[in-house]
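Take a look at the structures listed below.
Common to both upcoming complexes is subunit A, partnered first by subunit B, then by subunit C.
Let's look at the complex of A and B:
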């Protein structure tokens, strides 16, 4: 009887595991199979991987550029969100809710509407076809994810920490760096992950503002999909998948170690 | 340097939390602001620490170097004990060598040298309090402000910690203002007690003065159990004949109930409350709430007289210091 109920309780775990494999594992297996399949033939080949190795210069330049603006967007989003987040977290009232809604709007607007307006502005500012232009547009479209995460982080910080630091004679910068920043770190990492993903995986805005001149991993990948070369597209997609997975594992480990060292719950 | 608070008023919306407070704290003195929760004690402390501004009135405390030890200590959780204590010194841009030496001395003084590299999450409540004290004293403030310093400690630890705090304060010779809602804590720790009720300091004096010579029934009741009785009911009342028509306030140790068949009062209720007993006595149709710590067999319906017991109080202990 007992054994039967234990077996029954294990059943949902098995179903959950199967679902996870189906949702996340199968696409990876399909990508792997595609990357190893020959075009129009049912044989296995390393053609796609050999191609990427041969074209590594272009491929790695595109990857480095995407990683560069992805990480930079994280930094820009953090720098531009931290003060508004603090103000919004500490303030109350219906007017504040309106301000917050306006600040979060870029994430809610259709990107095509947003992009057309930004494109006009960037042409006038000479930012079109530049890496900085791509970085700015991606930062602007993704910063609300950082802002939301930082508001939540600031809401969880007891204002007494800031008051105590100021009472002990610390200035605003020292109070921020030594006292508030460590509290913000988990939220910043969570928000930064989304900002990075949005920036790293964007195709439309990068193409519109970068004009095909700014190297980007997505711009490198899309032509292979259009030309139905699924073996190279599959190999590229696996690399595309690998980058955020590796980054997330690394940041998770780093945060866990950091918090455990300080005797805090993880 | 004396601390002078002059006509301090603070309002939150329509509510006036602090009304025209004025008092002076002498150099090296330990004063407790005692009052119930929500009376404005912490607001007063925050004004003294320059964390809040009064609506009117002034605070003068020398170089304005007042450091507040928060109720929950507010140790920075991402900094080690050493870094916490060094925080204020580094903020003042002192040379690293001096910071290290001063922090080392303080950690050694507070018995925390072996905890220097620990983070606050791994410390006990007592250790956290010592770190918070060391951090505050590191910057050598003119005025130390303590917000409910014993509130987070076990009852058994409170008295020892109060005496320890008092020892530290004397050793460093630092003027200290502490706020608390616990009258016993205030009496153990303070040179003087300022009783804050309804936004006003109702009485400011030594613990013995505030306890034995309260200037109002409200003050007397806040300081502990008190029997408010007509002088005429007291058998051994030493008040002159002219005052026997008034009332007096007696602590449990000043009241003895003596069973007597011809007693003026009838016992209606008796309850043991640990160190003293609470009784409801009736005389001529009026009920009186009486606290007594003198042991005597009492039962309902019994007739008793009330003897006033003289308690010897050192005159110096109740000197007028307002």
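Let's look at the complex of A and C:
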């Protein structure tokens, strides 16, 4: 009796869940079916998948290039944001709030507002059509996510820890690695994931600065969409879903193992 | 004291190149909007672009169209995202992992969101019959699909720490559904919904990828219009393109400032409570 009423009360939950899954899961199924269907016909075909297999070299080159600048943007963002994040977390006042706002703004500002000008500068600097140029411009728009995550992490560290380590004779580097880094890690990973996604997913900046010469996964995908070849585009899009999911699972495992080894995970 | 200040200032050096590059990019845009530096020859000066855009119909149309698309997308995303967050809140623990599918649009690149909308609205698509999708409908659907889960993410984060017993207490004390929502839930979900809304607005106002794939060409979103005028017209058209970019930048800055005001007020709010 009691069990039945529990089950009855759960029914609305299931309906709710079904609604959410339908709303967000359906599009993924749509991509899958369109990758398996022939153009304008309802027949099943593996054409798109065969094509991608045959073209695996260009396809994998584009993917590797995108993964490369995605991960590099993460590293660049971390390296350039650590010190500013610490300074922002420790300082107070309205002037510092303005500095923080200016440093975070590039992620909020529509990138086209400065990208066309940056493109002109990059032409003069010889950075257009280069992989480094692409990495650089992607760093402009993605580092704020890392900066914000690191500010939040630093705000949770008691400055006394650093003082303690220093008093016990640890140098600046040692203090950073042994005392601060463990606290920063979860935030850095969370911020880094967003940085990676922003860089990996971007189309416009890569296309503008890379000029179609720097291989990129989005630049590989878009022509298929524009020429309405939705089966190949659908198959490629599933890779976009798969890569982040695989990376997040790996990162989650690695972080747990790492923190457990340091005795910090529960 | 002053050496402390120097140390604080020098901590920002690693980010200085990025900020300088962006500032230089904006500076370049301003200079070209005035008609200078259009070509590499120093003597070449064109008329400034502002007079042109102030007298041209396309500029106002694109600007208003962009603001309108952004406003509609934001309103729909905030409402839908908040409703989703409220739906998620009631889910029992063991069902929650399945509900994580709501994060899918956050992972997918905009170009893939565009593809989903094209496939969905296309012939034989699920939504094909629903609308003979004009550009605006497709564009707004894409923005809402992408942004609603972002709103959900931020709103749900605060809802998780909301004690549901407050609602029960309110009901026992005779509060109606609307009263409970207005006085208990809204103060909690309002602030994150507002900040998320500003971000969504900025994004839908100025992004390039989605209108590039989905948008109509007339009226066009401002970003697309500027891009086309800059690259696919003669050089004399560039000052006008850059002048509209400057206007776009000013509008965006307004909303960025609004965002930081909201965030600051929220921070102070929690500190005082």
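Here, the second predicted complex is superposed on the first by the 241 of 266 C-alpha atoms of A that agree within 3 Å, B and C clash if a C-alpha of one lies under 4 Å from a C-alpha of the other, contacts with A are read in each partner's own complex, and residues count from 1 in each chain.
In this text, contacts are C-beta pairs under 8 Å (C-beta built on N, C-alpha and C of every residue); 3 or more make two chains touch, one makes a residue touch a chain.
In this text, all values refer to a predicted model and were calculated from it rather than measured experimentally.
Annotation for the three-chain superposition on subunit A: subunit B and subunit C fit side by side.
Within the superposed three-chain model, A:58 lies out of touch with both subunit B and subunit C [touch as defined at top]. Contacts of A:256 after superposition: neither subunit B nor subunit C is touched.
In the superposed model, A:163 lies in contact with subunit B only, and not with subunit C.
In the superposition on chain A, the chain among subunit B and subunit C reaching more residues of subunit A is C. The vertex angle at subunit A, taken between the C-alpha centres of subunit B and subunit C once both structures are aligned on chain A, is 100 degrees to the nearest 10. The superposed three-chain arrangement places the nearest Cα atoms of subunit B and subunit C 12 Å from each other.
No residue of subunit A lies in contact with both subunit B in one complex and subunit C in the other. By the touch criterion given at the top, residues 8, 11-15, 18-19, 21-22, 24-29, 32, 84, 87-88, 90-92, 95, 98-99, 101-102, 104-112, 114-116, 118-120, 122-126, 145, 149, 199, 202-203, 205-209, 212-213, 223, 226-227, 230, 242, 245, 248-249, 252-253, 255-257, 259-260, 264 of subunit C touch subunit A in their complex.
Of all residues in subunit A, those touching subunit C in their complex are 10, 13-14, 16-17, 19-21, 23-28, 30-31, 34, 40, 42, 79-84, 86-87, 91, 97, 99, 101-106, 108-121, 136, 139-140, 143, 147, 197, 200-204, 218, 221-222, 225-226, 228, 230, 233-234, 237, 240-241, 244-245.
The part of subunit B that touches subunit A in the complex is made up of residues 49-51, 67-68, 70, 72, 74, 76-79, 87-88, 90-92, 118-122, 135-136, 139. Residue ranges on subunit A touching subunit B, taken from their complex, read 158, 160-161, 163-171, 174, 178-179, 182-183, 261-264.
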